[in-house]
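Chain nomenclature is as follows: A, B and C, assigned in order of appearance, with residue numbering initiated at 1 for each chain independently.
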Amino acid sequence: MFNAKIKSEIIKGIIDVTSPLVNEAKFNITSKGISIRAVDPAHVAMVDLELKSTAFEEYKADDMELGIDLDKLNGIMKLANTGDSITMEYDEESNRLIVKIGNLIRRMGLIDTAGMPDSKVPHLDLPAKAVVRASELSKGVRASEAVSDHLALSVDKDSFELFAEGDTDTVNLKLPKSLLLELHAPGKFKSLFSIDYFSNMIKPVKNEDPITINIGNDNPIRVDFDFAEKHGHVTYLLAPRIESE
Amino acid sequence: MFNAKIKSEIIKGIIDVTSPLVNEAKFNITSKGISIRAVDPAHVAMVDLELKSTAFEEYKADDMELGIDLDKLNGIMKLANTGDSITMEYDEESNRLIVKIGNLIRRMGLIDTAGMPDSKVPHLDLPAKAVVRASELSKGVRASEAVSDHLALSVDKDSFELFAEGDTDTVNLKLPKSLLLELHAPGKFKSLFSIDYFSNMIKPVKNEDPITINIGNDNPIRVDFDFAEKHGHVTYLLAPRIESE
Amino acid sequence: MFNAKIKSEIIKGIIDVTSPLVNEAKFNITSKGISIRAVDPAHVAMVDLELKSTAFEEYKADDMELGIDLDKLNGIMKLANTGDSITMEYDEESNRLIVKIGNLIRRMGLIDTAGMPDSKVPHLDLPAKAVVRASELSKGVRASEAVSDHLALSVDKDSFELFAEGDTDTVNLKLPKSLLLELHAPGKFKSLFSIDYFSNMIKPVKNEDPITINIGNDNPIRVDFDFAEKHGHVTYLLAPRIESE
């Protein structure tokens, strides 16, 4: 059994977070909420999303897995206006997800989850941590896109830094401790990442909302942020690009 | 003689209604107003539009036919701002329509109406009628576009219903009598239509404005609505798609 | 030395004015301000732009020339929000322009100015002058684009006129003296111009702002307007199209 009512924006938020990595996702449903874990086809990035049952206006669920076409679900959410609540219900007999938006009933076919692997979140020992405002970070990323396809992130005890270098041009964003929400770094740590992936990872976070970055040396990065008024949480992992010299 | 002054939005409304069916239209002008009747090239849909002289700020006209390129007229209307009045005058000597927008004078070539047939509105005996709000109907149509290229409309004594079915997905919009502005149905009536055509027909009606639907069994549908603050009226006829079983 | 602070909108304005003619421009920098003079590759139009040091919040400069890729500078300006001040600094050692937007530092490669010719503004004896509001003129130009690729501008002692003629359609915009901000014409003067070029020249001027037009008979036109709250001035010259009859 799965029967839930929620603001359409929150479902749109789930799609924004997962769809840059995968077209289809396995929604793991329990009595406590929904979680999604997905790895992109190139195995460069992983998303781990949790949405608690407290994010819902109504929520009743047994344990189950639903295989969902994210594009299709996105199209359905576009039928709802901002502020509209929708209901979602699993119909076991027909193996369909029934979405109700006002007087509209949309029955959606599901994807077999048998072919969808269960990814494990690898344990990472990342020594440094910085909490940055989304607006600052996204300005740095947009600037970097014009000069290169990869960027370096580094953290030391005084600042968080983003750096990108092209043939003739460079981008440098240095945020001193005073402009960070949090900073912890026992030394200097630096890794290189694909701008495309990193840009998609931070895009769902808006304005002055905080993004937590955990980083090591030539190690994956871990990016964390909340959504759905803290009833939801997202963790991204992104593999580093190793500088060939 | 044809010499008229009118808000540019009303002319834009005429174009919105007729241009989905035809690129060129014959404007039938009399002392009482303007009417347009047009059939699409595939002979699936017909539009019958009337705009009374009372919709105009100034109106003087003898009987005449003007063959108008709708794309061109649309381009001219885009030069006017919302709320601007424009004047239109037929210049017999040059066979041009002279459109004035503020200080701008635009002389537009006309199309020979000899090749444009006079369509007759077929008599249809459609037993059921429902009056629906545009916003509800257009949400149902948008949802249907994602699952199929045709939809079924049905009316019985209790409700109006829209249904579309794809390989795995369905759309169902059921509006009970309490949500309809009017309902009259001596039995159950149902016909199937092309979503493309039906979507274009209701697109010009906005928000909570009423759309009148007359329907039979596997018969054409008749869609009626007012525009230009009830000085104008539109009737669409759309042929059914017959279900092959 | 070049070290300046200015609102990003003013730099965007410079780009809007020069980029329709050239992709790369030579910024001539002196203690009094910045000037740019550029001719389009077809040698049909010239722009002559001056921005006084008083337009800047801070300004310190020795004489120098900076070769700038306008597309790249435009991309950098898009990183700034409306109202943001940016600083620009020439770094002699690396031959880079350093642009600072908040905490972001963008180092931009420069183009060798050796291949960029110094254009002289030709002396033109244009007897007639009209000062027109941008909104009126741009409506006439947009209407003309639909019927032809060239338009005629004419001035006499009573009015300013714009005229374009296609196979079947014409556009006529006649502004009597009462609708002009200024009019001076010892006789009637008329020249023909490319709509594409003329459209780009007046596009940066918005709403009711004045555009000064100096015109002769089958002679280039000179278009003048201010920007940056009159701390900047633009002169365009546009060669006429000679009517072949």
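Assorted remarks:
Assume contacts are C-beta pairs under 8 Å (C-beta built on N, C-alpha and C of every residue); 3 or more make two chains touch, one makes a residue touch a chain.
Computed from a predicted model, the values in this text were never measured in an experiment.
Interface of chain A with chain C: the two copies contact each other largely through different residue positions, with under half of all numbers used appearing on both sides. For the two copies, chain B and chain C, the CA superposition rotation is 120 degrees, given to the nearest 5.
In whole angstrom, the spacing between the mean C-alpha positions of chain A and chain C is 45. Residue numbers of chain B whose C-beta contacts span two or more other chains: none are found. Residue ranges on chain A touching chain C, taken from their complex, read 136, 139-140, 142-143, 146, 167-175, 179. Chain contact summary for the complex, chain A toward chain B: residues 72, 75-76, 78-79, 96, 101-109.
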